[in-house]
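As written, the chains take the letters A, B, C, D, E, F and G, and residue 1 is the first residue of each chain.
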Amino acid sequence: MYSIILATASRYLLLLLLMFSVFLLFRGHNEPGGGFVGGLVAAAAYALYFIANGIEAARTIVRFEPIMIIAAGLCTAVASTLPSLVVGKSFMTAVWVDTGIPFVGKVGTPLLFDLGVYFLVLGITLCIIFSLAEEDRL
Amino acid sequence: MLVLLAIGYCASALAPLLYKRFRENFGWIAVIFPLFMFFGLLTRYPQIAAGQVIRESVPWVTSLGVNFSFFLDGLSLTFSLIITLIGAAVFLFAGAYMKSYAQTGRFYLYIGIFMTSMLGLVLSDNMLLMFVFWELTSISSFLLIGFNYHKESSRKSALQALLVTVGGGLALLSGIILLYTVTGSYEISSFYDKSEMITAHALYPAVVVLVLIGAFTKSAQFPFHFWLPNAMEAPTPVSAYLHSATMVKAGIYLIARMNHEIGGTPLWQDTILITGAVTMLFSAILAFKQTDLKRLLAYSTLSVLGTLVMLLGIGSKLAIKAFFIYLIAHSLYKGALFLVAGTLDHETGTRDVRKLGGLYKLMPVTALTAALASFSMMGVIPLIGFIGKETVYKSILELEYWGAFLIAGAVLAYALVVMVTVYVGFKPFWGSMLPTPRQPHEAPVKMLVGPGVLAIMGLLFGLFPNFFIAAMLEQSAQSILSETISLKISLWGGFNLVLFLSFLTLMLGAVFYLIREKVPGGVLRVSLPGIVRPSVWYETAINGVLSFARLQTRLVQNGYLRNYIIFFVVTTVSLVSFPLYRSAEQVTMVPDFSITFYEGALACIILVSTLLLVTSKSRLKSIVALGVLGFSIGIIFVIYGAPDLGLTTFAIETLNVVLFVLVLYKLPGFLKLSGSLNRARDAVIALCVGCMMTLTVLFASSFELSSALKQFFAETSFPDGKGRNVVNVILVDFRAIDTLGEITVLTVAALGVFALLNLRPGRRK
Amino acid sequence: MIEILSGAFLLLGTLFILVSAIGILKMPDLYTRMSATTKASTLGIGLVLIGTTVYWQDIGIGFRAVAIIIFLFLTAPVAAHIIGRAAYFGKVPLWEKTKIDQFKERVDDADR
Amino acid sequence: MSKIIMLPILFPVCAALIMIFFRRSVAMHRILNVAATASMLVVSLVILGSVRSEGILSLQVGGWEAPFGITLVADMLSSIMVVSAALIGFTTALYSLGTIDEEREHFFYYPLLQLLLMGINGAFLTGDIFNLYVWFEVMLISSFVLLVLGGRPQQLEGAIKYVTLNLLSSSVFLAAAGILYGTAGTLNMADLAMRIPLLDHRELLSVVAVLFLITFGVKAAIFPLFFWLPASYHTPPVAVSAIFAGLLTKVGVYAIMRFFTTIFTHDGVSFIHQVLLVLSAFTMVVGVLGAVVQYDMRKLLSFHIISQIGYMIFALAVQSPLAIAGALFYIVHNIVAKTNLFYLSGLVHRLKGSWDLREIGGIYRFYPMLGLLFLVPALGLAGIPPLSGFWAKYVVIKAGIDSEHYLLVGVALGVSMLTLFSMMKIWNEGFWKNDPRGEGSVEDEGYLRTPTMKKAVTLVPIIMLGFLTVMFGLWFEPFFEFADRAAYELLDVYNYIDAVIGGRS
Amino acid sequence: MNPFLFNILLAIAWMLLVGDFTAGTFTLGMVVGYLILWFSRSAWRETKYFSKIPLVIKFVLYFLKELLVANLRVAFDIITPKDYMEPGVIAFPLDVKTDIEITLFANLVTLTPGTLSLDVSPDRKTLYVHALYVKDAVGFCDELKEGLEKRLIEVMR
Amino acid sequence: MTFLLAVIVGALYAAGTYLVLRRSIVKVIFGLIFLGHAANLMIFTVGRLTKGVPAFVPEGAEILTEPFADPLPQALILTSIVIGFGVQAFALVLFKRAYLTLGTEDLDKMRSTDQLPEERL
Amino acid sequence: MTFIEWSVDISVIIIGLSILVIFLRLVIGPSIEDRIVSLDLLSANAIAFIAVYSIQKKTTTFLDVGIIVALLAFLGTVAFAYYLGRRGRE
């Protein structure tokens, strides 16, 4: 059931949604949002793209194996717990960099952690959806 | 003594290896082991005879009062010597006998373990330690009875013996623990002075019953006797050793050992007296119809075991004296006869007495051994068996009330034993030659030495009783009665009532033999009704348990998921309802009833879509309803100050829809599967759950909640957590490890979905 | 003044929303319901959002409102299209008073 | 020093992470898996050692003091459990090398194993109730996936029951945690232990306590909440069954232990002890009766798990220091023996090609050492001295007699008879009986052809655990000392509170 | 559209979202936008950038007028009891060619109340439209062609 | 509203329970989802309702002052929602595979793993 | 009560009413497409409600929720349509 209208719209919506997801991610520490919702919205973007354009197109555009995205996310999240050990604090203690950046605010390991969560959530959702979609084709 | 036992176990463990190395002459090597122990123990004889008690204690589980504490007194020495001596005979005998079996190495392993454990049992001062050895003997007995494991009957008998003895062992264990409760110790030697305290304790009857159950099962007393004849499935050396000379005497040892400490009361004495007497008579009668050599011997053993227990029950000085003499006499002659039976079996290939006869010419040494042992068993002067029988009769006759009955029973039982002896000891050798499956000839030396020595010892002990055993027996008796006994044993007591009874016994035995010879075969096949046969009780119990188990399992684990869930739900509701009811009393504040219009609308939508979903017959309609539900809940979150929750709910609900859509069209439409009765039942259950949860929520929110956490987060979120969104700060900082776990869950779920869809039978990637 | 303007926007918007709600209940078939209502509600929401922006007078809010409006105007017609098409292919009946149906031939062709 | 207690959680996740990254390199997975579990074992032993010498260790994760952040606590109980988990993890890692097919290895078998261990360790170490929920979920989902990995029909069917019932229990857990926060205002176990006695509306906490009992009861597989276990445990590869059998139910028992000795001790919950007593009797009996009728080795062993849980619950319900120590020792003994039996059943299956005792036989004759290796855990499980199970049974029964629960002691003893009966059923049918299909059947040869290395890695765990069963029995005193100390720690809550709230980090 | 321009647009959109117009935000927006574009670059084959701002504004105004009028008309129909509807499904021959043009056109048609784009034929030559007020098919098509489609083509090309 | 929410929670629990007791696997899934919703809503309600005041530290302020909604239950629910999402997704796929592999959606026909030895074919 | 407060209150009620009406259509159907359209419309109304509610409660944080609802409701609708499309095909 390919539809030009949906396919075309989905390409633009993809960008908007991804952008919004990043927005949610970075802003989550101060306002509603965060890694989870960000990741979910990003996944929703790709899900939309997949429904409109099919699974191959979606895979092409995601470019990475979802499982690798999961691994990257988990890696980031786990890595964010390590600086605390380097500086000799208790496990998972937040470590903050002195200078903040605009909009995002203070930069520190919790942000990194949230980033990991973002990728992880994106990865797992994609992994599930893509697996289902591919099974479906066979 | 610990060292002795350790050596014993090590030696046993080496047996299979050594067997591989030596094979042919292993019997001669193996015999070193029990002989070493025998003589090792014998060196202590002078000390013991002088009235010393040798003690030894190595800490084990001190905090529970369990130690490797041993003591060697007259009683344990008597038993140890019997164990090792007969052990030696059997080890040697088996060297030849077991040649036809595979895996003789394993046989020596087990029997070595058994002997060591048996020694440990009689040497232990600590009751729990004794129990450890007790169980080890049961296990090694199991392995030995089942030595011919390819035969179903062997396996069954082994299991039967194991269950009965271990079951009794459990009773014993509880008895031991109760005894600890009473005395605060497991050390038998510490009970010595506490006898009165123990017998006066409220738990005393329980202790007696439990300990006696343990003893009776092990010593095959009625009604637990049935496993012993079945245990004759074991190779003959095993029967000779475990099931006649030693293991079955463990229970008797226990009764003797505890006689002073927890005995002396009518409960104790009467119980063992009656049980012993019943066993004595009952099993002798059962022996009447046996035709198998070993089973004949087994029933006679039972009868003797009964007699021994009965003697302890009588408990007089004379009875104790009789007990010891008879104990030794029986061990010697029964060991010998069993081995002879083994020889016959080995040489002729049959154990059916009806098929044996006239072997004297072919097997003269065996025949002589058999004759010697048989005379002892029949109680013919001048063998020790005679002294044994005389003392038994004497001690029974001393009894005031029971005496008359008991003596009649004893004579009857003894007469039957005499009949058995004739069958086992004489019939195969004398009379006319009968054809046998194998061509018999005289047994090899290894098979002759053991029984020969035992039989000769029977003669020697009979002739010079005081020289050999009196001193030791005095000490033994002391440990039973705790008073000094002078044991002067004399072979000849003069012409008196007892001698007459002995004579009567022999005559009666002859009569029984003749009757047995003349009766038609059919009579032998007549069996008692099941109700009076404990072996049938055992079968019934096992089958009963099995069929109950089957019924129960089919009922409970029936495969219906919803039944499982009903169990779960009903358990929950019924357990919760009790404290919930009580907590209703503590409710003080009425919950907030105020409702705005949009809240009402929202609630209405939630309830209706719930109903819609529950009653829906279309899958897609259900998903739509689920979507509405999820979004409404999201809105509730938003209204009550949880925008992050709202966001997440919306996102997840939407993705859920996507997943459902991807999955669901492969799934079937809804069918109405349950009947209306089921549905009504489920509805009632569901409503109960609903009410329970509603009430819980109402009660739980009916008072002010003061949470230090809420305040802490409010105050530290921005200054320390560097974030204004408190919820997010909690997620990535305050409780970040929760989040770590949570993303792990997601990771695994994704891997799971991936694997589930890509790795499956018939699909390669 | 601002508040009055904002309130007016809100009321107008909600009015459109109500109309579309009534429309979806009242219209005779799926296509007419969709045709009539999706845009009315889109318009209504747009108006409400404008009212909100006016109320807050905050540029951030304003752009968020604009973002929603743009997004709605982008997605609403696509959604309507895709459902309408699915409905048509799924044989959801047209209102019996529908005059012309030039789509039918092609769908029938595709079926054959 | 206390920082070390996060390692049992951190190691597995790191190992899993690396494995997922290098998905294709199965050889690396294997090595890493063994290495990670081995180092976890070392770390857990170090933890146990330092708990023994320094007392309870606590780590305030994120540096937020208790009760505001989440605290990881290693007391004697937790450390013992973590050591057990690491031990079973390690042996299963080895055993898997010899038994798991390459397909499963490719589909994340090893990372899943690691994450399962992560969940289990987390559950043992956390001092926060909601965090416990999270670790339970980690454990649960890993077990779901391990259970279905391979996708055979039986697996799927078993998994449906396993998943559904466990999800129900999770939902109850969640509700209970929520109500607990709503009534007590905190989730930290030590804080709860401190606050609950002071609260006015304690009755409501009894409701919460019951809900926790239900949810942990499902995990622990007590009557009548155990149905998921026999329905599913025999379906996955035996290495998976083994680690499930050894560890998963014990986490439930651990939680019951923790909750009803540390947190819920007010008088309102005393009826729960009565309930537990009754349930424990049913659990023992129903479990063992289920076992005696089975012919599938794994099913038989699965039902036994339930029965043995009954003993642990019985001891817990008695609640004397001796009983708690006994329960703890029982847990450890059971973990070792039960896992070993599952390993062995796998080996038997490998040899004979069937799980059904009626179809196989003759193992003892040709593989006597295997017979010995079987007898050790089997008799150990049945409580035959001097193996570990004897002491476990003894202590539990002693505690029962001391507290005068004679009826239950009787039940426990009867059940131990039936346990022996069913163990000997395996022995009689599988080991003693001749193979009904004749000796030296094809499967035997198949086994003989497996590379020595693979045989070795399957045998080493069996020997290790068998050795432990013997060691526990012969050298009981030092092990019991640990259990005893754990029991005293548990019953004296103030130690725990002091270590957590006292702010040592 | 030129990816670079699109990147800038995305950065601006970012600033709008953030509600902060500093260089820092813009830079971050550029970075985010670039990542997104790079991440999804295979979706982009075309197209050219347009600069007909006045035309666009004119078009938007026209469209808003249409929207409002049509909305009112339908609203009237809804709130009055009597139905004035004469619905029909029309095959509309398309002059617009590219994906984006077709999509925009179809969406605008849908947005105007009373009309609903049902489908585009596989050969992209026909748009099937459901309309509430169809006097006759040809008249309807002409009206749409002269009005919306023509203006859209003006803007797009 | 606490009262109303309590009723809703009860209704969701009841519906979830009813659904997991069905024989069709699809309904069981719906039941599980219901129970998840119910539990979340329950935590939310029991954690006390505070209307319209989310837990955000206002711009310019250092700390958050009452009244505000308790953020902790929210964080807990968030965690449980996400966990529930993962677990439900897995369960959904599992149920689908089970249906396709076993060829039935009727749970009463999925009993082979529980059958006693003599009942097996 | 100022005008804005009054109009907000009125708006909330009107939106609530519309939501109920749309929900009624969702319940009665009859076609599944009707329900999907109603669902889509419901989420649109939710956005409006959130916007008005943010004025009522004087908090801006809720508006972001509106964006999410707008974005995601569309995905939901598309997913349903996808399902319908597949159903039609098979």
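In the analysis below, contacts are C-beta pairs under 8 Å (C-beta built on N, C-alpha and C of every residue); 3 or more make two chains touch, one makes a residue touch a chain.
Each chain and its UniProt protein: G = Cation:proton antiporter.
Because the structure is a prediction, the values reported are computed rather than measured.
Asker: Which number of steps is the smallest that gets you from chain F over to chain G (Cation:proton antiporter) via touching chains?
Answerer: 1
Asker: If you average the CA coordinates per chain, which chain's centre is most distant from that of chain G (Cation:proton antiporter)?
Answerer: Chain B.
Asker: Could you please state the distance in Å, as a whole number, between where the Cα atoms of chain A are centred and where those of chain C are centred?
Answerer: From the centre of chain A to the centre of chain C is 31 Å.
Asker: Using mean C-alpha positions as chain centres, tell me how far chain A is from chain B in Å, no decimals.
Answerer: Here the centre of chain B sits 62 Å away from the centre of chain A.
Asker: Counting in whole Å, what is the centre-to-centre distance of chain D and chain F, each centre being its mean C-alpha position?
Answerer: Using C-alpha averages as centres, the distance is 27 Å.
Asker: In whole angstrom, how far does the Cα centroid of chain C sit from the Cα centroid of chain E?
Answerer: Centres of chain C and chain E (C-alpha means) sit 14 Å apart.
Asker: In chain B, what residues contact two or more other chains?
Answerer: 550, 553, 557, 559, 561, 565, 639, 643-644, 646-648, 651-652, 654-655, 658-659, 663-664, 666, 693, 700-701, 705, 707, 709-710, 713, 724-725, 731, 733-740, 742, 744-754, 756-758, 760
Asker: At least two partner chains per residue is the criterion; list those residues in chain C.
Answerer: Counting only residues that touch two or more other chains, chain C contributes 20, 22, 34, 38, 42, 58, 60-61, 64, 67, 71, 74-76, 78, 80-82, 85-86, 89.
Asker: Residues of chain F touching 2+ other chains?
Answerer: In chain F, residues 20, 25, 28, 38, 40, 42, 46-48, 51-54, 56, 72, 78-79, 82-83, 86-87, 89-90, 93-95, 97, 101, 107, 110, 112-114, 116 touch at least two other chains, as defined above.
Asker: According to the definition already given, which pairs of chains are in contact?
Answerer: Chain pairs that touch: A-B, A-C, A-D, A-E, A-F, A-G, B-D, B-F, B-G, C-E, C-G, D-F, F-G.
Asker: Mind listing the chain C positions that touch chain A in their complex?
Answerer: Spelled out, the residues of chain C in touch with chain A are 71, 74-75, 78, 81-82, 85-86, 89.
Asker: So in the complex, which bits of chain D are touching chain B?
Answerer: 9, 13, 16, 20, 61-62, 64, 67-70, 72, 103-104, 106-108, 111-112, 115, 118-119, 122, 130-131, 134-135, 137-138, 141-142, 144-145, 148-152, 160-161, 164-165, 168-169, 172, 175, 179, 181-183, 185-187, 200-204, 206-207, 209-211, 213-214, 218, 224-225, 227-228, 230-231, 268, 271, 275, 286, 289-290, 292-293, 364-365, 368, 379, 384-386, 390-391, 394-395, 397-398, 401-402, 409, 413, 416-418, 420-421, 424, 428, 431-434, 476-477, 480-481, 484
Asker: Under the definition above, what is the set of chain C residues touching chain E in their complex?
Answerer: Checking each residue of chain C against chain E gives 16, 19-20, 22-23, 26-29, 31-32, 34-36, 38-40, 42-43, 58-61, 63-64, 66-67, 73-74, 76-78, 80-81, 84-85, 88, 94-95, 97-104, 106.
Asker: Sort out for me which residues of chain B touch chain D in the complex.
Answerer: Listed in rising order, the residues of chain B that touch chain D are 59-64, 102-103, 106, 128, 131-132, 135-136, 139, 142, 146, 149-150, 152, 155, 159, 162-163, 166-167, 170-171, 173-174, 177-178, 180-181, 545-546, 548-550, 552-553, 556-557, 559, 561, 563-565, 567-568, 571-572, 575-576, 578-580, 582-583, 585-586, 693, 696, 699-701, 703, 705-710, 712-713, 716, 733-738, 740-742, 744-745, 747-749, 751-752, 754-756, 758-761.
Asker: List the residues on chain G (Cation:proton antiporter) that touch chain F in their complex, please.
Answerer: Touching chain F from chain G (Cation:proton antiporter) are residues 53, 56-57, 59, 61-62.
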